[in-house]
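Order of writing sets the chain letters: A, B, C, D and E. Residues in each chain are counted from 1.
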Amino acid sequence: MQSTNFLTEVGLNHYLILSALLFVTGMTGVLLKRNIIVMLMSIELMLNAVNISFVAFSKYLNNVDGQIMVFFVMTIAAAEAAVGLAIAVTIFKRFKEINIKFFEHLRG
Amino acid sequence: MLLSTILFLPLIFALIVLIWPQDKTIRHVAFGLSIVEFIISLIVLKDFDASSAQLQMIEKHMWIERFGIQYFLGVDGISLWLVLLTTFLTPIIILASWNSIDTKIKGFHAAMFVLQTAMLGTFLAIDAIFFYVFWELSLIPMYFIVGIWGGARRIYATIKFFIFTMIGSVLMLVAIIYLMYLTQQASGHMSASLLEFYKVKIPFVGGSILNLQSLLFFAFSLAFAIKVPVWPVHTWLPDAHVEAPTPGSVILAGVMLKMGTYCFLRWVIPLFPDAAEYWAWLFLSLGVIGIIYGALVAMIQPDIKKLVAYSSVSHMGYIIVGMFVFNHFGITGSLYQMLNHGVSTGALFLLIGMIYERTHSREISKYGGLAGVLPIFTIFFFIITLSSIAVPMTNGFIGEFLILLGLHKAQPVYVYFAVTGVVLGAAYMLWMFKRVFFGEKGELVKDEKHPLKDLSVREIAVLVPLVVLVFWMGLFPNHFLDLTKSSVNHLVTNKNKYYLEIKE
Amino acid sequence: MGNDAFEITINLIKLVAVFLLIVQAVPILVWVERRGSAFIQNRFGPNRVGPLGLLQLLADAVKFLTKEDFAPDKAIKPLFYAAPVFALIPAALAFAAIPLSVPLEIGGYVFRIQGYEMNVGIVFILGVSGLAAYTILMAGWGSGSKFSLLGALRASAQVISYELALGLSIVGVIMMYGTFNLTEMITAQQGAMKFHAFGYEITSRFLPNWGIFYQPLAAILFFAASFAESNRLPFDLAEGEAEIVAGFHTEYGGFKMLMFFIGEYGHMILGSSLMIVFFFGGYGLPGITVDEVRSWAAGVTDGAAGASVLTTLIHFLSFTVKLVLFLWIFIWVRWTLPRFRYDQLMDLGWRTMLPWALGNTILTALVIYFTSVLI
Amino acid sequence: MDHSLLMAILLLSPLVGFLINGIRYKNPTANLSGGIATAAVAISFISSLILVADLIGMPAEARKIHVSFFQWMAVDSFKINAAFYIDQISAIMILVITGVGSLIHLFSIGYMHHDKGVTKYFAYLNLFVFNMLILVLGDSLLTMFVGWEGVGLCSYLLIGFWFSDKEKAAAGMKAFITNRVGDAAFLLGMFVLFATFGTLNIQEMNALAPTTAEASWLGAITLGTLFLFIGATGKSAQIPLYVWLPDAMAGPTPVSALIHAATMVTAGVYMIVRLNPLFIVAPNTMMVIAIIGALTAVFAASIGITQWDIKKVLAYSTVSQLGYMFLAVGVGAFGAGMFHLMTHAFFKALMFLGSGSVIHAMHEEQDIRKMGGLKKYMPITHMTFFFGWVAIIGIPPFAGFFSKDEILWMSFHSPLGSPALWVLGAIGAAMTAFYMTRLMCLTFWGKSRVPKSVHPHESPTLMTIPLIVLGILSVVGGWVGIPEVIGHSLGDIPNLLEHWLHPVIKPIPNLTEAEHSMEWMLMGVSVSLATISAFIAYHFYVKSPETPEKIANSIKPLYNLISKKYLVDELYFGTIINPLINGSKRLWMFIDVNFIDKITYVISDLVRGGGGVVRALQTGNLQQYAMLIGIGIVIALSIIIMR
Amino acid sequence: MITDVLMFWFLALVVLGSGLAVILFTNPVYSALSLVMAMVGVAAVFVTLGAYFIAGVQLIVYAGAVMVLFVMVLMLFDLKRETHSFAAGKISGALKLISVGLFAGLVVGGIVMSQGYFVKENEKSLGAASATQSVNTVAGSQTNLNVVNTDNTKVLGTVLFSKHVFGFEALGVLLTVIAVGTVALARSKGGTHAKH
């Protein structure tokens, strides 16, 4: 299946790999960035990557449930963004900076 | 629909209380609502068919089909009076908390109503999982009642209470799930209904704890024994009682402890008859030890509330003993003693709460000579004391007598030990009574600047129903026993092949 | 995109044409706006260059193009330059999804008179027009100016807020027609008024079968919201001259400024078009179905192609007339109503329009349910 | 009138009195509340008179009035009715209770006149009468037990009537708890008997008892009756549970008269008599009863000799006399026991009331060393007290003589008795004569040792009337039961009491015909013993008051032991109560605080410690957490893919 | 066909490029704008997969609302360039990168190794079920299996409001909670340590 016509025959695997790479990109952001907001954005990126997988599966498995999942993911992403940003704003109000290190107060 | 109404009305009441706009009138509203609940619950009494041992007024709907979990309510002679006890005590408690709860009134009443639902659910649910939900639900409002409105060491007490109870419950959940699995083995479809559980024959081999029935028996028993509490897992009770606010203590002693004993009758004994019979010696011994130990330890407590708490341990010992003799007298006596204990210990806690409101102390040594200062209070306290030490013509006597009679019929040896409880009970109560009410005026009583006020009309109104009940139950026990008779009869005669039919 | 090279080419050309349509409409609109405002305010307006000042458009264009292209020192250059370019895109893209006339059928090919056909047109249009907020933000922040930033924040907050009302207000319409497809909506609005209720079929010869008669509240809400979306008076808080000079485009001049204008007018056109599509029968003639027109055209011309061209032209004309009317209303309102205060604006959006839109949705749902299910 | 109505009146009229006075408990009007209470008991008395009259009208074998009001409780085979019946035995009791009771109520009006809690007092007194009637009339052991505990309760309340005094409150508590020990045994007895007979109904049990064979020397009936007897030792103050009665003198004196002399303390005797068919088939129990009774009689009398408190002397005398009654029933002479019960009720109530009158006159002084020569101040009291005295020491023809003598004779003569018992009884009788005479001498005769501040005076009429009535009864009360031997020699005076009781008393098995000469001789011995010791006492305490002290000094250790009541209280405290309390404390500390709770602490510490270890991982660095998640996923994925 | 392929590669490039840009830009505003770009790209990917409605929603929700919030917040904070945009230390940074790399390798490897396993499995199960009824449709709607590739909005709606209605309701609750929580957070003054 692959090797010969990898470039010309786009299938499920292509989308999955695209999704995986996008996910990894987002993950890198989450792991390495200092700015909370950028971390949040990276999370959004990861979620989007997952969405690609869902939709791709939905198409190639002929099952509409995958797209429903995308809905749910989107809603949760929106919610997460709202709360995350609110927290970021609160942190910013206090420290005038939104570095992730301020969250270390929350250790157990 | 009646049982569902009774069961969930308090939840609606809790909501009403929560959204009630006026803080001033919230107590009145809650009181009125709880009275409504009580009146509705009286309909159950009216519609109850005393001649039948069947499960009555059932409501059955499938809840989670895959596991055979049902919304299943029903009442029979065993649970009837406990339901009424719950609905009866709630208005009294609300009325009694008029002054003692002065912060977060709204939350308190809401918690109270939620607790009422949980307790009623425990008594009414016939489905294991459904039952378990209520069983656990009852912990939460109680946790808050003790934890928010409690005394100085309330957090310690709540956590102890919670953890003790949780440990038992978790084992019970495992056992319930296993029983559900057994129903599937037996009948092919999974069910959590108690009636299905009854049909399962659980293998039993005497001589060892490591057989299925014994293990399940102990898993259930531990949960209920902690709730009761049976010696030696009783230590959460004194702490919880001492730290709980008055209404919390009352509901704890009055109803919550009964959840444990009731469940022995509803679950443990019918479900595991062989194991129950085989291990009866253990529970009889623990019960008798509880009776004596509770009384002895109660005697030397410096704190009135702790004394009453330990007396609860002693009284609950009687109830446990009564159930494990498996005859009419014992089981009837246990059922009756549950009600008695609810009424009289509840009233004791109320009374202690009233005096605590006035003096803010529960140290016995700081009192003395109260009888001269607060005569009405003394009269009430004395009547309740009599009920607590089981003087004839009060309710306590009937229960204690029947239990001991049953114990003697089944296991005469134990009764010689158990009967010391009769003496010790009188000893600790009267000694306490003497130290608090008689003698010279104690340091709290003689304070001239703040003379103690005798009971107000409201407080009398709180106590009168209880006192009336004390004598009513003592003089006309048949009014109460007649309704439980057929169920107890059914339980005793069919213990080893217990089943419950549904009354249409 | 198409099945063969010819089709693809035509489709690409179509796309460009629609874009140009918007761009070219702008100078005319500017002229209309200036003359119209003058008329309303009892002035002359541009009347020196050309007849009725028509050539003013050219003059203006030349002026804009020849102005010095500068950027403020504090500006963030990439964003500053990118913003005007992006300003064009949302409106143009969205407008491209609107069907302007019946499809043209020539020689086996069917050409839709719209940028591209989309099954979920409404969602797409809403989505794309939502992107407009970025251009504003980019411009505002990229300018490196306080006023710009404030204006941008105001404007984008406003856009987001009203997007909700906008989206919700047309939910009723969508439910009624049961489709996201704009063409299908227009088809459903053809002919005389006719609807089913409680098992009866009710017809009225005198009224066209337009959405406005079914969803009047939605129409009002949508129209108001599209004013806000396009940042026009009475919702032009983004450029409250007295407070923040000119809002997000304070620092812009010349051609870049013109691009913002184009964007704004593009939004106007888009809003008007959507009004027409949703509530005024789209390209359809009032009370007359496309088939009736087509059969008439077949009688007038010979050959299927000719009839098709005629039908398309007639409907395009119909659309244009409606569009012009609505654009005039836009201008009219701008010069009639005063500007809101910012809190009033937010109040109106969140506390008035949103609940009404929600109510409308629920009501529509109920009516649909009762008329269709509970006969 | 209808019997059930009469019975209801009989029972409920004191209860109504209690309720009325109980509701107006704060009202200090002695006359009104006393009137109500007395009237209530008097009504009872009248209705009991009517009932007894009806009873007399019945044929001798069918004399029984049985009234069942309602079913009290019914569980399976166990059915108890709130039913009451009057037979020959209980007829005597209700007459004594209501008759003596109303006299004592009357007396109390005067005695308690100035007390603030007078209304409460009368309420308690009425409640007591109510409970006592239930005890006496109940047709089953359980009904009897209701009254049994009820009178104990009233006794508790009345002993601790002046509760602000710590000692008195403690005395009440002591009485109740000691009684409770007996009650617990009573309960056990009921259980055993119920297991044996399947019923607790007294008549049914009495009917079944002769047909039930006793399996061994400690068979079910013996065991049951033994338990019942232990119950009786509690209520009737016998060894070993007598300790509460002397302390019970803390209550108002009329209370001592009514409860602790005339009625309640005799309940044990009454119970045994009522169950006599049952007891008679358990000879071992009977033996125990007789021995305990005789021992108590001597033991208590010996303590009585050394007491200085007028009421204490009477209290020990009561214990001693109760011992006689138990001796009587123990040897099977149930009739004699009943007889002595009745006469004792008369003369002991009289003496208590008399002492009350004295105490009243002496302004609450109870020490007889501070009295003396009261004869001239209080002639009526002295006179009536004198009748009581002669009655109790057994001088013919006063009441005590006949009853006591019959007991002594039966203890000798009955096959259940023995000469040893007679000897004990006779010693007791001598001691009784001694200490009663001592009391008489120190109180009424001899020189006055009254402090200057006190001016003794005769009590008001309200108090003297009961004294006079009881005095007369002390004189004539014995004539209903003149022994056959005397009656015969005086010209066939019948033994009315014996005839009356005959149908309900089971005869002693193997009773031989009485030898009259022996009976005469023993009678002579006991009377002369009593007379001699009375004379000695008179000599000691009137003629040469220094002699007793000399004797006491010469046997100092013994005297001290006796005057300290043989240190029984100390013994009980030292061996039972204190170890119990200290042990409980240790138990609590050891089991609850140090063991069970410690276990929970250990568990919680373990959990907390474990948490502490894991806590180190929680650096608060979000990205580190994320990295750990990532590494975890990598590991999980590798495992999945490698498989 | 070729257009679809070209489209995919183009979009993949755009999406991955802008995704990388998100984490590589030191200026968070650029990151955010890149993210918008990525999202629009993802929406386009959805279009190529035939999920038009999802694409539209993606535009409305993500690009239109969520990201606007991000951008607004960033602009409000006015965080210019950050000198240390990456937080990690040497060792942990290396560890993180290694784990990310391994993760990527494993996932991609897994996907490649799976050889379209899912599709085959699905076809197998479909083959079993196709005789009776179509699997992916809800009861009552007689749409064919190929529905995903054409206009599936109606199917989407039907499934969402029947099979997944519980999840839908749960999301409603979630959103309410989030709305309340956000308002509460935003109104608090300076975090949890502040004294009111």
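To be clear about the criterion, contacts are C-beta pairs under 8 Å (C-beta built on N, C-alpha and C of every residue); 3 or more make two chains touch, one makes a residue touch a chain.
Treat the numbers as computed from the prediction; the structure is a model and nothing was measured.
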## Note on the structure
Listing by label each chain that touches chain C and chain D gives E
### Summary
Chain centre (avg CA) closest to assembly CA average -> B
### Task
Quick one: point me to the chain whose Cα centre is farthest from that of chain B.
C
### Message
When I count C-beta pairs in contact, which pair ends up with more: B-D or D-E?
### Response
B-D
### Query
What chain is the most remote from chain D, judged by the mean position of CA atoms in each chain?
C
### Query
Taking each chain's centre as the mean of its CA atoms, how far is chain B from chain E in angstrom?
54
### Task
Report the inter-chain centroid distance for chain B and chain C in whole angstrom, where each centroid is the mean of the CA atoms.
72
### Task
Compute the distance, rounded to whole Å, between the mean C-alpha positions of chain A and chain D.
90
## Note on the structure
Per the C-alpha centroid definition, the whole-Å distance linking chain A and chain B comes out as 54
### Query
Which positions in chain E touch two or more other chains at once?
53, 57-58, 65, 67, 87-88, 96, 99-100, 103, 107
### Message
Under the stated touch criterion, can you name all the chain pairs that qualify?
### Response
A-D, A-E, B-D, C-E, D-E
#### Entry: chain D residues touching chain E - in the complex, by the definition given at the top
623-624, 627, 630-631, 633-634, 637-638, 640-641
## Note on the structure
chain D partner, complex, touching residues on chain B are 160, 163-164, 232-233, 235, 238, 293, 296-297, 299-300, 327-329, 332-333, 369, 371-372, 375, 386, 391-393, 397-398, 401-402, 404-405, 408-409, 412, 415-416, 419-420, 422-423, 426-427, 430-431, 433-434, 437-441, 475-478, 481, 485, 489
### Query
Along chain E, where are the residues that touch chain C in the complex?
3, 29, 33, 36, 40, 43, 52-53, 55-60, 63-65, 67-68, 71-72, 75-76, 151, 153
#### Entry: Residue numbers on chain E that touch chain D, as the complex places them
87-88, 92, 95-96, 99-100, 102-103, 106-107, 109-110, 113
### Touching residues (chain side chain D, partner chain A) in the complex
615, 618-623, 626-627, 630
